[in-house]
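Consider the two complexes below, in which chain A is the common component and chain B and chain C are the respective partners.
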Partner chain A sequence: MEKFLASIDRRYIYIVLLLVVLFPLIRPIGLPISISSWTESFYAVIDQLQAGDIVVMSIDYSPSGGPDVGPQAVAIFDHLMAKNVKVIGVSFLAEGPPQLQQIINPYMEGRGKTYGVDFVNLGYAAGLETAIAAFNADMKRAFPVDFFNTPTNTIPLMQSVTDANDVKVVMNFATGIPGPAEWVRQLAGFSPDILIGVVTVMGPQTEPYYQSGQIKGLLSGLRSAAEYEVRAGMPGSAAAGMDAQSLGHVVIILAMALGNLAYFLGRKGGAK
Partner chain B sequence: MRRSLPLTITSFVGFWIVFDYFVKIDFVRTWTVNFTNWVIIVAAFALGLGAVNLLRIHGKRVTERRPGWMESSVLLVALVYMTVTGIFLGTSSEAFLFAFTNLQQPLSAAMFSLLVFFIASASFRAFRARSIEAAVLLISGVILMLGRAPIGEVIWTKFPDIADWIMQVPNLAGNRGIMIGAAIGIVSVAMRVLLGIDRGYMGQE
Partner chain C sequence: MNLSVGITLAAIMTIACYSYLWRENTLYRIAEHLFVGLGAGYSIAMGWNNVKTNAINPLLNDGQYILIVPLLLGALLFTRFLPGSNKWLARIPMAFLVGTGIALSARAAVLAEFVQQIRATIIPLNSVNNILIVVGTIGVLAYFFFSSKFTEGIPGLKYGALVGRYVMMAAFGAAFGNGVMGRISLLISRLQFIFGSWLGLM
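Entry: the complex of A and B
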């Protein structure tokens, strides 16, 4: 038995995993999605915003982490647009602006929203944490032009903001640096609430900021995006991916169990 | 002079920024904003320097046909294409976004997604309860996976609660300890840099 388990070719595991993940994407199972306290807190902060309030969305995730973090940003942006909250989009990662543009593209033409009035993509500023500090201190100086090279001092939405105290909420969606730590440090002394969305593996290391109250809400990976979609009553791509993720987890747990079974059987055989 | 001038500038600007954090004086604030904005400009130049360095290293590898020259040539073509379209047409141009959306984004996502297969394979071959510590890690991992996936609460409704406890108590304690330790280290290094004791950022003597 242990010889059989030990000799299983890894390619069989790959095939099983692939089939198990593909199946629910083709035929969704519809597993229930409960809402965690992290997501509930995040939702509460967004939900209490009033029409006309201004928030900042900093898209600082790499394209590799996009499938895990991107759906969070999409769900939040849709919710903000539904509430008529105005969004200033920025990025301190070079790959951020095109991804932000993908999020706001559905609203560029139609849906009753206007670029520059309801939302804006300010583009990218180099300098990581120092650039964040510069943005918080004077947004228009840190970003003299937007993603489309329009001077920011001519954009209607930017007329009512100078520094970070002029916005209600700052949200950071990140897969590394700059991320939660940089934003928490650089927003010390400013008034907006901080909300964070991170790739799944960053959730545990971001938890201390949430428990200390430095950030008011935390989304971690695709699961949190699915929770937010369900909580906001707008099921989307994240909720659809949850069945696949669930079954993927089961395969990995079974692989662990089989691996350990082989290990203990082998040890028992060796002891005889 | 070559060393004392950069050291003096670093010290002066560093202490200025620290001073601004603790006092609210408009003049100090104005110059703090100036200094931080200058960093954006310097960082942009650093990106350019990085690109030139990449061109030099990989260009040499291609011309000398050293191992990996094919990969280097792909990198150079991509670098030149993105740089030319980004600078001359703009990063919001169709040519730039086409390459980003159809090459960089799917390739990066695919590379990251491939990890799941390696994790599955590693979980079978390497994640063994060889010791008490490894067993604790294994059990915590399984509970967290079940607690964070919808199927976990279908199996047992308590899985999410136990997963939350692991996150909010042992994980939090460990992470907070690491963060506080790192913060003390950062303060120590910052003081060494500001006082001119640590000069590593200036390169070799």
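Entry: the complex of A and C
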């Protein structure tokens, strides 16, 4: 038995995982999605914003982390647009501006919103934490032009902001550095609430900032994006993937159980 | 099925990357090299655009001559690639970068990552969560207390360190679980792309 378990080709596990994840994507099961306190807090901060309020979305993730954290940013941007909140999009990671552009593209082509008035993509500023500090102190100086090389001081949305105190909320969606630590450090002394969205692996290490109250809400991975979509009443791609996520976890748990069984049976039989 | 060049190419590259799971192959290596090359090229282009926007254009168009200083410092970084004994010149901008970075982060780190985090553990022991936070924090701190042996010296240090060890093992387990969850999320996204955006089956 243990020899059989130990000799299973890992590629069979990949095939089983692929099929199990694919099936509910094509034929959804509709497993319930509960809302965590992290997501509820995040939603509460966004929901209390008024039409005309200005927020910052810092898109600091690359395409490799995009599938995990991107759906969060999409859901929140849609929610903000529905509430007529104005969004200043920035990035301190070179790969960030095209990711931000993907989020705002549907609104560039209509939906009753205007680029430069309702939202803006300021592009990328090099320098990581130093650039974040410069942005918080003087936004237009840190970004002299936007993603399309339009001078920032001619963009209507940027007329009413100077520093970070002029916005209600700063959101950071990150896959590493710069990320929550850099934003929490550099926003100390400024007034906006901080909301964080990270890839799943960064969730536990970011939680201390949430427990201490330094950030007001935390989203971790695709699961949190699905929770937010459901909470905001706008189910999208993240919610559609939750059946697959749950069944995928079942396969992984079974594989781990079988692996451990093979190990203990082998040890009991004297094998090393 | 969407046969536009961008979508089809992205789908083929996705399949090429996942083909590594079967075994290493030429298609995977092509995708890998393309990714590295495109990534490096993109980063250089974005970096150059940043230098142009923030330094060269204001210098040439607006006469902000003070920007010659950071441009020169930036250029000095490349002296490490020079032959001979001039490599030390790169240390000047490097020292400037390190000094500025440390000053900026240290200024706020004391409050944001030290005082606030300590404050977050000074809580009433009136719930299981609060007790776990306090006991876990003290246990992990005890584990990393190296001024005395666990078996002698400070009484209770041995048991404190043991608690800390189990707390860390639980944390590593949670991190691994989150890692698995993240990888499944990536797979879901790519399957949604291939079977939805490309093949139109969703």
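The working rule: the second predicted complex is superposed on the first by the 270 of 272 C-alpha atoms of A that agree within 3 Å, B and C clash if a C-alpha of one lies under 4 Å from a C-alpha of the other, contacts with A are read in each partner's own complex, and residues count from 1 in each chain.
The criterion applied here is as follows: a residue touches a chain if its C-beta (ideal position, glycine included) is under 8 Å from a C-beta of that chain, and two chains touch if they have at least 3 such contacts.
Every value quoted in this text rests on a predicted model; they were computed, and no experiment measured them.
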item: Which of chain B and chain C A:Y263 touches, first, second, both or neither; value: first
item: Partner chain in contact with A:Y14 - chain B first, chain C second, else both or neither; value: both
item: First (chain B), second (chain C), both or neither touched by A:P204; value: both
item: Which of chain B and chain C A:I252 touches, first, second, both or neither; value: both
item: Touched partner set for A:S237, first chain B, second chain C, both or neither; value: second
item: Larger contact residue set on chain A - chain B or chain C; value: B
item: Touched partner set for A:Q159, first chain B, second chain C, both or neither; value: neither
item: Touched partner set for A:T114, first chain B, second chain C, both or neither; value: neither
item: First, second, both or neither for A:S191, with chain B first and chain C second; value: neither
item: Which superposed partner A:Q48 touches (first chain B, second chain C, both, neither); value: neither
item: Those residues of chain A which chain B touches in one complex and chain C touches in the other; value: 14, 17, 21, 66-68, 94-95, 97, 124-126, 130, 133, 149, 189, 200, 203-205, 208, 211, 223, 245, 248-249, 252
item: Contacting residues of chain C [partner chain A, same complex]; value: 21-22, 42-43, 46-47, 49-51, 53-54, 57-58, 100-101, 104-105, 108-109, 111-113, 116-117, 119-120, 133, 171, 174-175, 178-182, 184-192, 195-196, 201-202
item: Footprint of chain A on chain B - complex, ascending; value: 21, 29, 32-33, 36-37, 39-40, 42-44, 46-47, 90-92, 96-97, 100-101, 104-105, 108-109, 111-113, 116-117, 119-121, 123-130, 138, 141-142, 145-146, 148-154, 160, 164, 167-168, 171-172, 175-176, 179
item: Chain A to chain C touching residues, read off their complex; value: 11, 14, 17-18, 21-22, 25-26, 66-68, 94-95, 97, 124-126, 129-130, 133, 144-145, 149, 181-182, 184-186, 188-189, 199-201, 203-205, 208, 211-214, 220-223, 237, 240-241, 244-245, 248-249, 252
item: Chain B contact footprint on chain A (complex, rising order); value: 8, 10, 13-14, 17, 21, 31-34, 36-37, 62-68, 94-95, 97-99, 101-102, 123-128, 130-131, 133-134, 137-138, 141-142, 147-149, 189, 200, 203-205, 207-208, 211, 223, 242-243, 245-253, 255-256, 258-260, 263
